[in-house]
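So, here's a batch of structures to check.
Okay, so chain A shows up in both of these, paired with chain B first and chain C after.
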Partner chain A sequence: MDAHLLGSALRTNLRIVRALGMRSIRQTFRRPQLIAPIIVFPTLLLAIQTGGAGSAVELPGFPPVQSFLQFMLAGAMMNALMLAGNSGGIALAVDIEMGFTDRLFSAPIPRFAIVLGRLAGTAALGLFASLWFLTIGLVFGATIESGVAGALMAIVLVTASAMAVGGIGAAIALRTGSASVVQGLFPLVLVVLFLSSAFFPQELMIEPAKTIAKYNPLSFIVEGIREPIISGINASDTLDAVLAILGIVVLGLLLSDRALRHRLKVG
Partner chain B sequence: MEAAVAMPAWRSNLATIAALMARAKNELLRVPGAAIPGVLAPTIFFLGLNGVFGALTQLRGFSTSSYESFIVPVSMLQGAGFTGAAAGVNLARDIEAGWLDRLLVSPAPRWVLLAGTVLAASARALIPATFVLSVALLLGAGWPGVDGLLIAYVMVAAMAAVAACWGSFLALRFKSQSAAPLMQAGMMALILTTTAYAPLALLGAWLQDIARVNPVTQVLEAARQGFVGSVSWAETWPGVLAITGMLALLGALALREMRRTGL
Partner chain C sequence: MPAIVVEGLERAFGEVLAVQGIDLTVEEGEIYAFLGPNGAGKTTTVRMLTTLLLPTGGCASVAGHDVVKEARAVRSSIGVALQEAALDPLMTGRELIRLQATLQGIPTAEGRRRADDLLDRVDLSGAADRRVGTYSGGMQRRLDLAAALVHEPKVLFLDEPTTGLDPVSRKTIWGEVRALNDDGTTVFLTTQYLEEADQLADNVGIIDRGKIVAEGTPESLKAEIGHPHIQLQLAEGSVVEAEAILAPVGKLLPPKDGKKVLVEVENGAADIPRVVRALDEAGIAVESLELVRPTLDDVFVEKTGYHLEDESEENAEKAPVA
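Here is the complex of A and B:
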């Protein structure tokens, strides 16, 4: 295949991903019941945890922060992006239940475009969530210590993480084809989140949560998002976050690939 | 026929309430999976909050050194809130399916139909409460004593009734299961904007103001007293008063909607 043909195929695939992605984004923002839990639940939890456990900043060993709200912003974003990933999986499962995905399978388009298109919607939700929580933080007096660059870094990491987590949700949707099964994973999402340093410094958590949080990839991501907000951009934390996101992306791709093969085999 | 006519009204009302409660119990036995989220969610919150915020007891002003003991009544009340709200969702489903219409043409008074839903939720709330309490006791939460435990269970059952009245009010108002997030989020906000995470003095200023006027704070403190100290009437009566007030208010609202339904 010469370079011209390759370029043409790439452009076609990108057009397909864009079309499916736009559909997914429109679908998400048209239905308030899809976006509301992703924003309302983490915002409510952020408010209650900030008000309820705000005195925690006085604990010996708590990292130096301007306020507990500033510390919690990364956790709230993490909470929202996890829900966005779950919601993306539910939307894909609904497409499977309604037969829309079957129609896409019979069309002359690459399979990965179907998943990538859906992930575009999840990424858009992640982007929206990061902007929402940064705005909330700034309105209620939290500062972004590393300024605009830090805010941009947080936005990029949250958006990429939403897409990565969405890959796992998509894989489960493709494997089960059931929206209720994907929806049933919501408690699991909370467990994984609580067992990370999303809501409290890992050093101050109690066992066994402390040890689990130490190795939980979400802890690396949340620290990568948090550092630019509470202190400054730290190359090591950023690299850890990127590696953790890549790890989740690879896992999502492998699981999605297997689930797609399974779905095509069983019909 | 003569025997049925002779049956006093109070007895037939009780029989109807018992039949509606039995229906709710059958739902639970036939679809046990449906009860899992209601049991799992408060347990996850308990384990999560305990693991994450356990160190808060090191702060001056905490009445106990065991965060398990401090947080377990919150999770029990959360379970009651979820269960009560689920009763509202089930009522909305019954409305959508036309089942409530069939009940409305029966000679049963409206309050009896509402009481069946609310009392079933109260009884059902004891399942997540017992589960989360067992987990907490295994993890080292303090034994509240028989009187403390009894008060906690009474508060849980009554809180589930409050949540069921709230859920029923919304279900009858919107006549759609899409009101479910409002039922759940309303209860979650009501229970967590109290002294759920920390004593009043350690809360943020805005949350302190809300917690002071939120009647669930009194309910929570009454349920919590046995777990963090000794039981006293002074800690109990504000909770009894608050829960009675909420039941009267939300019960009246739900009953008003029930009476309007089908007119």
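Here is the complex of A and C:
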């Protein structure tokens, strides 16, 4: 294929992904039951945790922070993006249940565009969630220690993580084709999240949670989001976060690819 | 070149063979109706021909492309409107057709123009910016049909396009299908309605339990059956008793709805007095009597041993009315 044809095919595919992404975003914002839990639940949890456990910052070994709210912002964003990934999976499963994906599968488009389009919607939710929690933090007195650059870093990491987690949600949706199965994973999302450093510093955890949190990829991501907020941009933490996100992306794509093939076999 | 060629096509789901080695050919510009009850294998066949499901045996080509090896080329050549219109209730009609245009690789400006034209064609311009969830069943089917046409496909697949629709909406869809066919589009439709196949199709394939049991033009299939039959509704007396009396008059067909006696007669209307006299002598009162020319249902009965109409009427009663 010559460069011109390749460029043309790439442009067409990007246009398809953008169109599917726009549909996914519109669908999310038109269906309150998809967006409400992503914002409402983590916001309530943030309010309860900061209101009830604010003095945790005085514990020996707690990282130096301006306030517990400042520490918790990354956890709240992580919570929201995990729920966004879950919601994206639910939305895709609903598409499968109502037959909308048949419309997509019977069109001459690459199969990966269907998943990428869905992930674009999940990324938009991640972006929205990061802006929401940064705004809440600033309104209630938390500071972003590394300023605008740190805020942008947090926004980029949250958005990318939402896409990565959404890939896992999409793979489960494609494999099961059932919205209720994907919805049933909600408690598991919370368990995985609590077994990371999202809500509490790793150093203060007890075994075996401490070891699990140490190797939990979500801990690497949450630290990458947290550092620019509580201290400053740290290359090592950022790199760890990016690698963890890439790992989840690769896993999500592999699982999605397998699930797509399976769906074509079983119908 | 035929628009669709199917040879020994099979699909198994575990131990169940849903489609059992079917063969069929649909010529370009033809309307082919695939007629059969629920679970006969119609939708499974359509899903294989539209590349949504891999066959487990045999082969098929659509618009000259193999459905497995050249799936993407097949998808570029076909329009698909599947059973239970696959629409997103949160999108507007206009958004859906524009999205479909993008999926088919049509440039944005051209896609918008075609969307407007198609919405106008299916009489949905006034509702184009309303969410699909607010549409009636008939409007949803028309929108689904319009979306399937956005790239002017060579072959159009319609899976039970009118199931659950009221008679007016059904006739509107039939009108659209005829108009499309007049423009040269090959149409492959599945249906469980005899009238639909009879009214629309150039050729009909009757499928039962995964096998094609009869194929031909509606007229040739009916001609195969040959004789008309008399359909009797009894005022009193049992169907079994009436059948015993009428057995010497002609071949008995399976009773319709379990209440109507059906007897095939060689001489048409000339045999009516004989039938009435025989029943009268036995003291069985007749409420109504009708001479019925062979229909596709008779063909179906001949080939399968049961009535398709009973089953489709049952389903129509269960289906939501638009």
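To be clear about the criterion, the second predicted complex is superposed on the first by the 267 of 267 C-alpha atoms of A that agree within 3 Å, B and C clash if a C-alpha of one lies under 4 Å from a C-alpha of the other, contacts with A are read in each partner's own complex, and residues count from 1 in each chain.
Simple rule for what comes next: contacts are C-beta pairs under 8 Å (C-beta built on N, C-alpha and C of every residue); 3 or more make two chains touch, one makes a residue touch a chain.
Fair warning: this is a prediction, and the values are worked out from it, not measured in the lab.
After superposition on chain A, the partners chain B and chain C are accommodated together without colliding.
When the shared chain is aligned, chain C comes close enough to touch A:Leu104, but chain B does not. Rounded to the nearest 10, the superposed model shows the Cα centres of chain B and chain C diverging by 90 degrees about the centre of chain A.
In the superposition on chain A, contact of A:Ile16 is made with chain C only, not with chain B. Contacts of A:Ala209 after superposition: chain B is touched, whereas chain C is not reached. Looking at the shared chain after the overlay, A:Gly52 reaches chain B, while chain C stays out of its contact range. When the two structures are aligned on the shared chain, A:Leu195 is found in touch with chain B, with no touch to chain C.
Shared-chain residue A:Ala36: touches chain B; no touch with chain C.
In the superposed model, A:Leu44 makes contact with chain B only, not with chain C. Touch counts on chain A: comparing chain C and chain B, the chain ahead is B. Here the smallest spacing between CA atoms of chain B and those of chain C, following superposition, is 17 Å. Touching of chain A by both chain B and chain C, each in its own complex, is seen for no residue at all. Remark: chain A residues 12, 15-16, 19-20, 23, 26-27, 30-31, 95, 98-100, 102-109, 264-267 touch chain C in the complex. Within the complex formed with chain A, the residues of chain C that make contact are 13, 44, 47, 50-54, 72-73, 75-76, 78, 80, 82, 84, 86-91, 95, 98-100, 102-105, 108, 131, 147. Chain A makes touch with chain B in their complex at residues 33, 36-37, 40-41, 44, 48-56, 58-60, 184, 187, 190-191, 193-195, 199-200, 204-206, 208-210.
Every residue of chain B that touches chain A in the complex is listed here, in rising order: 37, 40-41, 44-45, 47-56, 58-59, 178, 181, 185, 188-189, 192-193, 196-198, 202-204, 206-207.
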